[in-house]
Each structure stands twice: as C-alpha cells, then as structure tokens.
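The structures considered in this document are given below.
Two complexes follow with chain A in common, the first pairing it with chain B and the second with chain C.
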Partner chain A sequence: MSAPAALLAGALRPRYAAPVGAAFAALAVLATVRGWSAGGGTVDVPWAPTYDLRFTVELDGLAVLYALLATGIGCAVLVYSSHYLPLHLEHEGRPESEGTSFYFFILLFMGSMVGLAMAQDLILLFVFWDLTAIASYYLIGFDRHEEDSRASALMALLVTGITAVFLLIGALMLYAAHGTFSIPELTRLTEPGPLLAVAGGLIAVAGLAKSAQVPFHFWLPRAMAAPTPVSAYLHSAAMVAAGVLLIGRVYPLIQKSDLLLDALLVVGLASMAVGGVLALTRDVLKQLLAYSTVSQYGYVVFMYGLGGKYGAAGAAFYVIAHALSKSALFLTAGAVTEATGEDRLSRLGGMRKPLPMLALASGLAAAGLAALPLTIGFFKDELFFGAALERGPVFSALTVLGAALTFAYIWRFWSGIFLGAPRDGACGVPVALVAPVVALGALVLVGGVFVGPFAELAVAAGTVSYDAPAVVEPAYHLDARPENLMALAAYALGVLIVVSRPVWSGAAMGVSRLGEVAGPERLYDLTVRGLNRFSDFVHRAEVRDLRSRVAAILLPAGILVGVGFLVTPTEGAYRVGEVRAQDAPLILALLSVAVASLTTTITRRHVTLALVLSSAGFVLALVYAFFGAPDVALVAVLVETILTLVFVATLKLVPRKVLHRQAGLPTERPRRKVFFSVIAGAFAFAVVWGTLSQPAAERSVADEHLRLTPEAHAKDAVTAILADFRGLDTLGEISVVALVLLAVATLLNAGRLR
Partner chain B sequence: MILTISLVIAVIFGAGAFLLLQRDLFRVVIGIVLISNAANLFIIASGLSRGEPPIYPLPEGSPVSDPLVQAMTLTAIVISFSVAVLLLSLVYRLYTSHGTVDLEDISEMEVREAEALERESDPEREEEPASRPEEVELREDTR
Partner chain C sequence: MTSVLTRMVAKLLLLPTLVAAVAILVKGYTQPGDGFSAGIVAGLGVVLQYLAFGREEAEKLPVVRSAGVIAFAGLLISLFVMLAPLFLGDPILTHYPPPEAEVLIFGTLEILTAVLFDVGVFLLVFGFSVGTVGIISRSIAVEEEYAADAIEPDSEPGTEARS
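Let's turn to the complex of A and B:
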C-alpha cells in the first residue's frame, strides 16, 4: 500500500515537464490498481499523539474509486495540457516557464486528492481538504493578470475554505463527544441524536459547498475562468468530486440521521433543477458544462439522500460515469475553442467536418451523460431510477424529469458545436488535444458494454459508505421493467424539451436573471465588498494615527482585564494592609511622587516638564531607599540624572519655536482624555491592589539567595543575584543597552534624510 | 500600606496614560517614562518582605528586604531608561525629517504622502488595494 503513497510523494515535487507528470500519474494509476488487487491496505502512524491525531490512510473501495478517478483523469488531462498549455501561454503572451507552476499545482492537487480519498481520520481529511482548496486557488487563478480570474479564484477559495471550517467544527464536536477522530470508530460509537445531526450537518455543508450544490453553486461557473484542463480536471473529476467523496466517507454517520438524509434530498433536488435550467440558458460552452456539473452532482447528492444500497452504490457509480463523460466534454470544449477561437454556442456549428474524431468521441461522452444505451451512462440512470423507485412514485417522476433535463442540455451542447451549418475559420487541432477525449469516450463505450469492473468498483465504494454490503448488478434487461420505461420516458421528455425550446426559453432566462439579482452570488459579492470597506476603515483608523494604534492595543487589553475582574471572585481578595509608625516617611515620599506625576499633566513648558519628571524620578529613588533597597536607589539616582540630561539636551536640539507652539496648544477634547486616563489608572489600581494583597505563601527563593550570597563571595545579595545567580538576565540587559546605544548613534548621525 | 502603594501606582499610571494621549511627542515619551516608573514601583512593592537592606552582615532579629525583586527592579530601571533614550532620539529624528514634533502634523504629512504614492502608481496597481497599505507601512518603518 505504501507504493502509491511513495509514488505520489514523488509526483508532488515540482516536475518541470508535463510528460514526467503524466508518467507519474500513470504510475500512480497502476500502483493503485495493484494495491487494490492485492486486497487494499492500511497505514496507521501516530502523527501528533498529544492531540490524538493519527495519520491513518486505508485503500478501501471508496478510496480506490476516487484515487483512480483523480489519477486516471489527471493523466488524461496532463497529456492534454502538455499541448494545450504552450498554446494558451502563447495566446497570453507569457513565457513558457510559467507553465511549471501549473504542473506543480495540478500534481499537488492530484496528490492531496488521493490522500483525501484514503484518509480515515477527520483531521487528516481536513488537512488534505484544505490542500485541494489551496491548489485549486492557484489553478483557477492561473491567468493571474486578469482580474476576473483572480476574483473567481478567491471566490472558490473563500466558499470552499470557509465551509471547510464547518468540517473542522463538526470533527471537533464529534471528538468532544466520543474522543476520537477516526471515522470507522466514530461509526461504531455515534448514536442518532441532535449532536450527530448537527456535527454531521456541518460536515455535510462542507461537502456540499465543495460539490457546488445549491446554495453554494455560484462559485463553480465563475471558476471556469481557469484554463480548460483545470476546468476539466478540478470541476468534473476532482474538486467537486471531493465534496461527494466526503459525504460518501462520512455517510455511515450521516445515514443515522433521517433529518440529514432529507436535507440531502432537498439540496440535491434543488441543485438538479437550478443547474439543469441554467445550463439550458447558457451560451458559453464551459458555463453550460459548469451548470451541468452542478446538476449532475445534484443527482449524486440526491441518491445519497435517498439512501439504501441503491443510493450508496448508485451514487458511487454515478460519480464514475459522470467524471468520464464530463471531463471528455470539457476537453472537447477546450479543443474546439482552440481550433476556432470561439467559446460561444451561438457562434459555433458544423464542426463535425473539420474534426470528425472529436465529434465522434465527444458524441460518445455526451451519450454517456444523456444515459443512452450502450454507454456507461445508461447504467448510472438505471441505478438512479432504481434508487428512486424504492422511495415511491413522486421521487420517480422527479428523477425522470431530471434525466430529461440532462438529455436536453447535453443535446444542446453537442449539436450546437458539431451540427448545423459549417463556419469559416476552423483549423485542425493537435492530436494530443483529441487523443484524451477519444480515450475517455472509448472508456464510456467500454463501460456501456462491459459494466462489470466499473460496477464492482462502485459496489466496493458503496459498501464503505453504506457500512454494509451494497450489492447492485446493473445490466441490460430487454423487458418492460420500470427502470427501462422511465429511461424511455426521460428520452421522450428530453426530446420534447429540445423541440419546444421557444416555449420555455423566456421563462428559463427569467429564472437565470432572478438568480443573478437575488441569488447567493450577490450575497457573496455584498459580503466581500462590505468586508473590504470595513478593512479599509480599520486600516485608516488604526494606521493613520499613533494614538489610535495605541488605543487599538490598549482597549482590547483593558476589556480583557475588565472581563477577568468580572469573572474572578472578589471575596477577601483585597487587603488594606497595616500602616506602621516608621512608614510615615515612605508614605510622604510616595505622595510626592504622585503629586509630581500629576503635575506633569498640567505643566506647559517643556523644560519645566523635564524637571518635574526628574523630580518625580528622584523622589522615587528615595522611595526605593525606604524599601530597604540601597542598590536600586543608587541606580535610580544615576539613571534619573542621565535621563534628565538627555532630555534637556534633546530639547535644546529642537528649536524653541517648535516647542513653544506645542506648549501653547490647548489639549483638545480634554474630558475624553481625562476619562480614559482615569479608567486606565483605575484598572492599574485594581490589578496592583489585587496582586499585592495576595503575596505568594513561600519565600524560599529569596531565602536561598540570601543564604548562598556568602558562597558567591559577595556581601550584597542583590549584586550576587545580578552578577551570579541570574547572570544571564544581566547579560540580556546589557545587550539591550548596547543595541539601544547603536540605534541612537545611527539615528543621530548616519543616514540623514535631509 | 498596600492600599497607599496601589493608589500611588495608579496615579502615576493614570498620569502616564494621559500624557500618552497627547499630540506632543515629547509628552508621549514622558508618559511612557511615567508608566515604566509605575511598573518599577510595582515590582519592588511586590517584594515578600520589607526591612533592612540585604547586605551582609545581616542584622539579627529584624526582617530583611526581598533581594530578588530589587535585582529585577534594577534590570527594569535600566531597560526603561534605554527605551526612553531610544524614544527621545526617535522624536528628534522625526523632527529632523518633518520639522515638527506634533503627531497630528506628522500623520497628516504621511497621509498626504500615501495619497501621492497612490496617484503615482499605475492603474494596474490601483486594482490591488491589498498592496498599498504594505507599501505605506514599509515607508513608515524605514523612515
């Protein structure tokens, strides 16, 4: 099992050429298949034992399915981009070397996707989850000189990143209740109840946002600003698939809550409807495909919501079929755009003549998505209908409608490109742009004939999700069973939708416009803009004035201290302390310090101010002496002398005119300042009084110092402490003084500005 | 006694905070010096015992002052002195570059400078508001 992991680690390193990347991807595919045929495996290493985090990966059915998707389609995409990317960069007029970061991030993405597929630990899952988000940010914003591209990348990152926090919160809630992050253990431990519903719901929200389900769907069409290979990979097979992968992974938890299943049903249905209708209105090729992805993953979520073995295994099968078809269609869109320079349906047409192979291959892919017989898509709809039939006629009718919508918009896509009158300006495209589409189209066809291996994979994945054997056997039945009838009904309805286009196109456009005006995308825009404005405001308020900056630090600190006081019990916390007769001089000195300090606030002239300050300092030295600290008193006198001299000297350097102006200025808004100062003093008072009232019970350290002083060949305990017991402190202090000296010398002399 | 010391420390701290809010940079420096004084007094007052100086020969029978807080106060005094000197030279430096020691004048000048920078920068820069504050801050730091 470690083989694929090691190979992928190799693939993560920046490879400077597409072939190497593609080869690594192919190797990873082989290694995954080998690992799977060898019966899977588990790697379980304690990662951060302090927090109960384990690096647990297991190659189970679900992991194999998504790892194969990620590496296999990734391989096709890499082959495709080896020719697409140089062309793309040339169009943009950028050096070819910029392609390197593209390969790096796409391989990083692939690696984290495989890790995500195999992770069995919620925190590990979260780490890989965010890795995919980060890689996708750089991939979507690959054309970084275009603002639209950057905004789309940011949107994708914000939507998936913020909802990823929900995943983390859900994981922590489950950990708090059950003491483990491991999904299999949680499956065993959890009981249905409100906690599970909330935690599972949070995790599901993260999955739904990543899968671009309503109401988080808006980021996906915007993300189509990315180069085509990225769209093909991230938005058909990988990134959006990660969402349903997460749901499939935690499905054993989710299916214990009926509420969550119902929620999945609703979200899936809404996504099917919104995605399908909007796909019918879009003109830009990739936008159409993006909305179709929204609706297709709506089906998957819907199937998970239906539950049962058909739901779990069917959803897995649906993901395979969809990823194969959709990535082929995306690559088709890219190739066609590359050939003609057009990316709108209304300006394309008749491409079957210049690009016959592409037409055939993408026709197969389209047929797969539309669920025509002989393609793998037929079985996906068979399972889909089967799952719906278990729940009753209403759901069956809805699924038929959904399938019909799919049929209609896929027909629109394919016929719009390849049928109709030929246009001028088309030229051939390199083989490497067609080959991956052909390969994927062929796979769709092969899956339609030999469904066995695909079904096996889906059953294995479904078994993991369902937490019980989920055996389904998709096959052709040439009789009038309900599934077949529903498929026929879907085709008929689809044709009807295509034919009756003029009737509904107005209504569909109306829906799409309504979505633009009142949809969640607008909400997102408003939020981002508001946050921007708020950050500008804070920046202006905080940076432009030193005092506001000080306030920005002191205010929260003060609030925190205040909160601390409010929650601390105050009973007996304060003592007045005794006053002895011999303390009178000390109190007198203290009072003069206080008076001197107060005087500084009302003194106008600077020299007076400096002198008042130094008088306060000298009296303070006296206070130290009364405290029985002659050393401190001596140093304080020395320091105070020097400080006074420095102060007066600095004042001398600044012309008297400038100082006079300052001295003459009245204090503006004095009441506010006095108020703030009183508050500050009150806080200081509370803190100091509280601290001094509760001295530590023992004084062993001081006694020890006193006892050891003779052994340090000293008579003064304080000097012994400074020079010996705590010598390192003194060393640090000396370096601070030396540093300040250097800084002052530099400031005064060298590098004069003007 | 505890109450008296606490009150005095609070008064010194409050006076320092008041000066810190002034627009005159010299007063700001003095405010910081006062606040450090309050802190030093606090440290020495938090000694566990108060009495004779802790110098050998120790007096018999009467209590000896806590030597540890004294050593710490010494360190704190020296450090706060360094800080005050550094601040003073910074103020002087600001005076040489801006010709004033008034906070409001200086910040006004900086706002004007930032706006001039914004006007100079090419339109593509304008789209990235995130890069502008960093530039301005960098300039402030290097000045």
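Let's turn to the complex of A and C:
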C-alpha cells in the first residue's frame, strides 16, 4: 500500500528502483495475507463531511482477492521487468534512467488497484478508478517517441476515462435517491426499479469498458503497444481485472435487477465469441493474448450474468485462475520475443529445445487456461459449467462452445511457439525472464492439486458480491457428472477446431475484416477525428487573432447578459439614490475613473494608453478603500502595479519606431468595434445599475462568515475566509498559480524553473 | 542603465519591502492583508531590483535563484496544512487551535495553523512572481541576442513598487 512512497526512495537510483519496488510489492502481499488472516480490517475517515465523502476502506474477501492479485502478480512482473526493461531501453536507444518512471507508474498502479479493491465508497472508488486510468496511460504510452503507442495510450485513457464518468453519474444518481455513497448501505436501501437499473447499468458500463468487453474491446489489443511487462500486468491482473472488480463490488446492487443480469449475459457472450474468434486469427503473439483476454473476461461477465452463488464465487475463482495463467503467458511472449526478435506465430517454432524450462512453465499456464485436469484451470471451468447448468441446456451448450474456443486458441499459441521445426537465431534468455513464468506456472499446478486456499479466497469474494454465503466446493470427481462430461466435450470440440483449421480460417478472417471496417474502433476513430476538426474550427473562429478573440468574448457575453436583462422584470430597478455631501470624494473618484476610461478610446500612443488604464485601476482601488474594504483595496493596488509593469515591459519589447508607426495607423473596421463595445458595455452597465438598485435581502453567507470570524481567532474577515472558511478554494487557486508557473517555465525556458 | 538615484533607492528598498511583506503576512489575521498581498509586495521588491540593476545583477540574489523551490515549498506547506488533520481524525483543512480554545500569542502574533497556511500561499505567490519575471526576462535576453539591432529602451518608472 505504501509502494509508491517506497519507490521515491528507489527513484533516486534507477538501478535500485526495481528491487526496491519488488521488495515492497512482496511486503504488500504479506501485509494483505496477514490482514486477511487477522480477520480483515476497516478504516473509515470522513474527509469532506460537508459533501458526505468518506475515506472508507475495508479488507473484505473481494478486496483480499484483488489486492493479492495486484501485488502478487505485480511482484512477479517487477522481477521480470528488472531484466526486461534495461534490454528494452537499450533496443530503443534510451538512457537507463527513463526506467524509473516505469517503476513509479507501475507501483502507482498497484497502489491504486489495492485502494480500488478495498474502497467501500462509490466516490472513493471513482478516485482510485481514475488513478488507475492515469497510471495506465503512462504505462501504455511508455515508448512515447512512437506515435502508435501514444495513440494507443490515448485510446485506452479515453475509453476507460469517458466511461468512468458513467460511474460517477451512476453514483450521483444513487446518492440523490438514497443519500449515501457507501456501497453496503446502498445494498440495504435500494430496491429493484428503473432507478436502480439505470444507475447500476451506468456503473456496469464503466466496468465493462475497463474489462474490454464488447463493444469497448478495441482498446485492449491496441494497448499491446506497451512493453511486455506492462501488458502482462495491466491486461491480466490489474487494469482489466479492475472492471470485473467493480462489477463484483456493486454486484449486490446489480443482481437486484434482472434486466442488468440479462445485459451482462449478452455482453459476456458477445465478448466470448468476438474475442475467441479474433484470437484464432491473430498472428502477433500479444495480439492473440489480448483477444483471448477479451474473451476470458467475457466468461467472467457471463458468470456474473448467470447469477447465483456459482456465478458470484465462480467469477471470482475464474479471475484468479485466469490472472495466474495469462500473466505467465504474456511474460512468455515477451521472453520469446527477447530471445528471437520475432513476435509473430508464423515466424516462430521449435522453441522447446533452446528454452525447455520456459516451454514447461508456460505449458502449465496454457493448460491452466485450457482447463486441463491437474491445473487450477480445471476448477474454473467446473464452476463455469456448474453455473451454466443451473440455467438450462442452452447456456450449457454455449459454455461448452466457449471453453472449446479457449482450448483452440491456447493450443495455437503454445504449439506455435514451442512445437514444430526449430528455427535458427534463438539465444538463451536471462534467468529473471524465466523465473517469474516458472513461479506462476508452478502456482497454476499447485492450485490444481491443492485447490483449498484458492477456493476459500473465491468463496470469500463471492460472498461479498452475492451478499449471502456463496459456498462452492470445487473438487475432482471421477464419475460421469454433467460438469465432467461437459469438460470432455469441450476438449473434443477444441481438438476438432484445431484440426479443422483450413475449413474455418477463411470465415474467421472475414469476421476480423468486418470488425475492422464496421467495428466500434472505426466509430472511435471517426469520433475523435470529428471532435478534433470541430475543435480546430472553434479555434480558428475564436482565437485566431486578438481582435476576434476579444469580439468572441464581448459579443456573446453582451448578448447573453442582454437576453437575461430583457426577461427580468425591471420594476423597482434603476433608482437613482440621493447624493449626500459626504459622498463627494467617492463621486470625484468615480468621475475620474470615467474620464480615464473615456480617454482610452481616443488615446493613440501605446504608453499613454497603458498609463491611463492603470490610473483608472488605481482610482478604483481608492473607491474600494472608501467603501471600507481595505483588503480589497490593498490587493487592487498591488495587482494594478503588477499590471502596469507588465504593460510597460511588454511595450518595451517592441522597437519604438514600430510603436510610432502603429500609433499613426487608422483604426481598422471602426464601426464593427464600436458596435461590439457598445453592446457589451451598455448591457453590463444596465445590469450593474439594476443590481445595485436592489441590494439582495439575503446576505446569509457574508453574515455567517462575519459571525464566525472571531471564533476562528481572526479579526480580519477576508483573511479568515481565505485561509479558513473557504480554504479549499484557496488551495485550488494556488495550485493553479503553481501550474501557471510550470507552464511559463515550459513554454519559455524549456521546463527549467531557473 | 538606470540613474544612480534609482539604483540606490532600489538597493535600500529591498530589505524593507521584504520586512513589510512579512508584516502583512503575519498580521493578516488582525489587520488587512494576507498571504497573497504579502507575496505580491515581496515580489515587487525583487522586480524593482530587476528594473534598477538589470537581469544579470538581479539573478545574483539568492531568492531569485531558488524561486521555483520557494513556490513549490509553499504549495507543499499549504497541502500539508490541508491534509494533516486527516491523520488526527478531523476533516481536511481543520485549523488548530479549535474555536474557543486559547491561542498562543507571541508578541502581537497569534500562532495558528491558518497562519501557516497563509505562509504557504505567500511563498507560492512570491516564488511565482519572481520566477515568472525571471523566466520572461531571460527569454527576452535570449531573443535580444538574436536581434542584433536591439534598440536600448528608456528607463521606466519603478517607483510604483513602493505602494
């Protein structure tokens, strides 16, 4: 949990970042296990009670499962990348120090993933959700000099970020109806109905997009532009898992609506089919694995859609089994590519000779995914079939078909790399690239023999999702029960698919081509391009030159204010109050402001113009002082001073001859300018006059602040408001100031602050 | 080059400006003024040095060289004041001592976390104004190197900085 903090220490020395990160990930694993064996724990801190926002995290079953996945597989991936990344950077010709940001973001991802797993509050969930999206953007776009990888990172960010807004909308809808963001409380309060269906649906859309389900699946294969450890981590255990984690977390709400469950079924099935078929057509290793991830998470969503205790616990179990196997396979793909320089199935083969350990370990992982007995995968399919059997024969048949597809594409992956005629040019790979695969493969095998601990974890997670005990007992049964028969049927069908490849390969390629022409990715491209064009259009119309920019602000502002002015009743407004003798200095000051303002319209020399403008400002500051607002007056004087200096300094940059010539030029399009100015000025004048004639009766906020000022130990209300009552606003504003400083440094000084 | 008088006044004014800024800052809770105004006043003091002595002399001042550090230290202080109450179990931005409790008074200065928050604002605004002026003046100097026929501009009044 403190992994990102630990990284900062490691970041000082790029060489140490990886071991430090891995050590902390391992520590986090231990901490999670210990927390879980101690019976979980809860932290509940209200961090903005005014808005009902609480920092509520609880280490429940679901949280433990995903936290273990995130930290455990993260640990393996970190060990792997400690050797992979220097090689990768060397290939790309980049300095080794750039690896530090990689570790930073992967640990940031890990931290936010753990937070996401433990969050019990929808807003907190949203915060962590977006943190993972941001970290993933930098990880996917790690090779930032390549346009393709930048575009992929942006696509992942847009797809998951825009749908995250749906999560926020859903959360706000639930809050509006029930007055709480807390998921356990919402579970108690909500009742089936259209509101729950819509809000739950919106939240589910966010989850489905993150899990790369149809029709949002297109970002995942594109995201394979990332370095292999990133793919292995994000696309097996972390990022896509976050999607089903969200569904599992809000499942107590979702399962109240049959409509949502049916929608999950449809989406899950579609993803299984699309992902499975496309995985059979891909030639690039990581692309194949990406589509298989789409299809595998389709199973999980499908199981949530089936519902029941088998659905809830089975989905959790499936996530464990899949994450272990899939990350091992991704790491295999990276190691093989590292050894041969090839990333296409058609150019690989016979690798079992040079890399026997890797072949064995990834064979175990592949067997796990294909659900062969003696691996953890067997049980995932057992639960999968069990869940489907509860819903009748049609679903059973579909699940068998899905399992057969899995079998086929996994066989294609493994046999394509390791079997067949050996090729030349293969060299050995470092131990650190093989060891994590071996460890994960061993886990897959251990899970196949001693399924107890894994099942316990899944049951605990399923219980949270199902909101009732979801006890399932996966085990080997040597009899002809339906689950076993279905497994056998799936193997047989899978072999059939493998053998009959020439028959269907044309059709599968056709589907793939169709997806490229009319798929959602094209829609995404069109949308992004259209938005870009629209933004260019607005840019050209509004900010191309200074004159139209000013007009673009003045004219709409004037018209809007004017419309508001015309529809407001004007009774009682526009009174002219009586003028008393003691107001004389005030009136004098205001008069001189007016004179100065009028002068600006006829002045031609630039320096004079700047000075006249600033004199108007100084006199206005004086007016504030008359009104008894010394704080405002002080700030006004200071701001005016700075502005004058900026004006004069800017004029100093322009050669004096140019200034002279400019001052002598006739005004361009004077009538247009006068028209704009009069519209904006006249309406502003009318509105200010109207407002000042009728001082608002309620001044509750100001009175409240004045009353509270002594309580805050202050005698100056303005300062008390700035530092205390509205401190958060101040903080936001000064953060903007800091950002502007960075922006100035970036634009003018190549990012250096000195 | 500016006149001797301007330079002398500028030199003499730097320290008083900074003192005045600190006064505006710490007295903010009892009298007009706050971190923002204090930061601007202090920033103006430094800008005056730029106007009187030119870029190269002004950049020898330690505050100019570490403007970025000052700004972000300020932001960190404010963030810390905002987040620290979380660890004590209070909502963010709770200030200590709480209402109605005794305040430690040091001379005429009240010791409050809100003042510390304002110190953060002050440092940020100060660092921002000095840093921006520094960066802009440097980029101008770079441009002037390119444009060989730069015209020597006349001196501009720096007296307003005293307000």
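Observations on the model:
Just so it is clear, the second predicted complex is superposed on the first by the 535 of 754 C-alpha atoms of A that agree within 3 Å, B and C clash if a C-alpha of one lies under 4 Å from a C-alpha of the other, contacts with A are read in each partner's own complex, and residues count from 1 in each chain.
Going forward, a contact is a pair of C-beta atoms (placed from the backbone, for glycine too) under 8 Å apart; a residue touches a chain by one contact, two chains touch by 3 or more.
Not measured: the values here are computed from a predicted model.
By the touch criterion defined above, A:608 reaches neither chain B nor chain C. Counting the residues of chain A that each partner touches, chain B and chain C differ, and the larger count belongs to B.
In the superposition on chain A, A:736 makes contact with chain B only, not with chain C. By the touch criterion defined above, A:693 lies against chain B but remains apart from chain C after alignment on the C-alpha atoms of chain A. Shared-chain residue A:722: touches chain B and chain C both.
Once the two complexes are overlaid on the shared chain, A:653 sits against chain B and chain C alike. By the touch criterion defined above, A:639 lies against chain B and chain C together after alignment on the C-alpha atoms of chain A. Of the two partner chains placed by the overlay, only chain B lies in contact with A:579; chain C stays clear of it. Of the two partner chains, chain C is the only one that A:749 touches; chain B does not reach it. In the overlay built on the shared chain, the residue A:630 is in contact with chain B and with chain C. Residues common to the contacts of chain A with chain B and with chain C across the two structures: 630-631, 635, 639, 642, 653, 714-716, 718, 722, 730, 737, 740, 744, 748, 753-754.
In the complex of the two chains, the chain C residues touching chain A come out as 24, 28-37, 40-41, 43-44, 47, 51, 65-69, 71-72, 74-75, 78-79, 82, 86, 89, 91-93, 95, 97, 99-100, 103, 110, 112, 114-115, 117-118, 120-121, 124-125, 127-129, 131-132, 134-136, 138-140, 151, 153, 156, 160-161, 163.
Across the interface of their complex, chain A is touched by residues 1-24, 26-28, 30, 33-34, 37-38, 40-42, 44-56, 58, 64-68, 70-71, 73-75, 77-79, 81-86, 88-93, 95-97, 99-104, 107, 110-111, 127, 129, 133, 136-137, 143 of chain B.
Interface residues of chain A facing chain B in the complex, by the touch rule stated above, are 147, 532, 536, 539, 543-547, 550, 575-580, 583, 587, 590-591, 593-594, 597-598, 600-601, 606, 609-610, 613, 616-617, 620, 623-624, 627-632, 635-636, 639, 642-643, 646-647, 650-651, 653-654, 658-659, 661-662, 665, 667-668, 673-674, 676-678, 680-682, 684-685, 688-689, 691-693, 695-696, 699, 701-702, 705-706, 709-710, 714-718, 721-722, 726, 729-730, 733, 736-737, 740, 743-744, 747-748, 752-754. Within the complex formed with chain C, the chain A residues making contact are 45-50, 55, 630-631, 633-635, 637-639, 641-642, 644-645, 648-649, 652-653, 655-657, 711-716, 718-720, 722-724, 727-728, 730-731, 734-735, 737-738, 740-741, 744-745, 748-749, 753-754.
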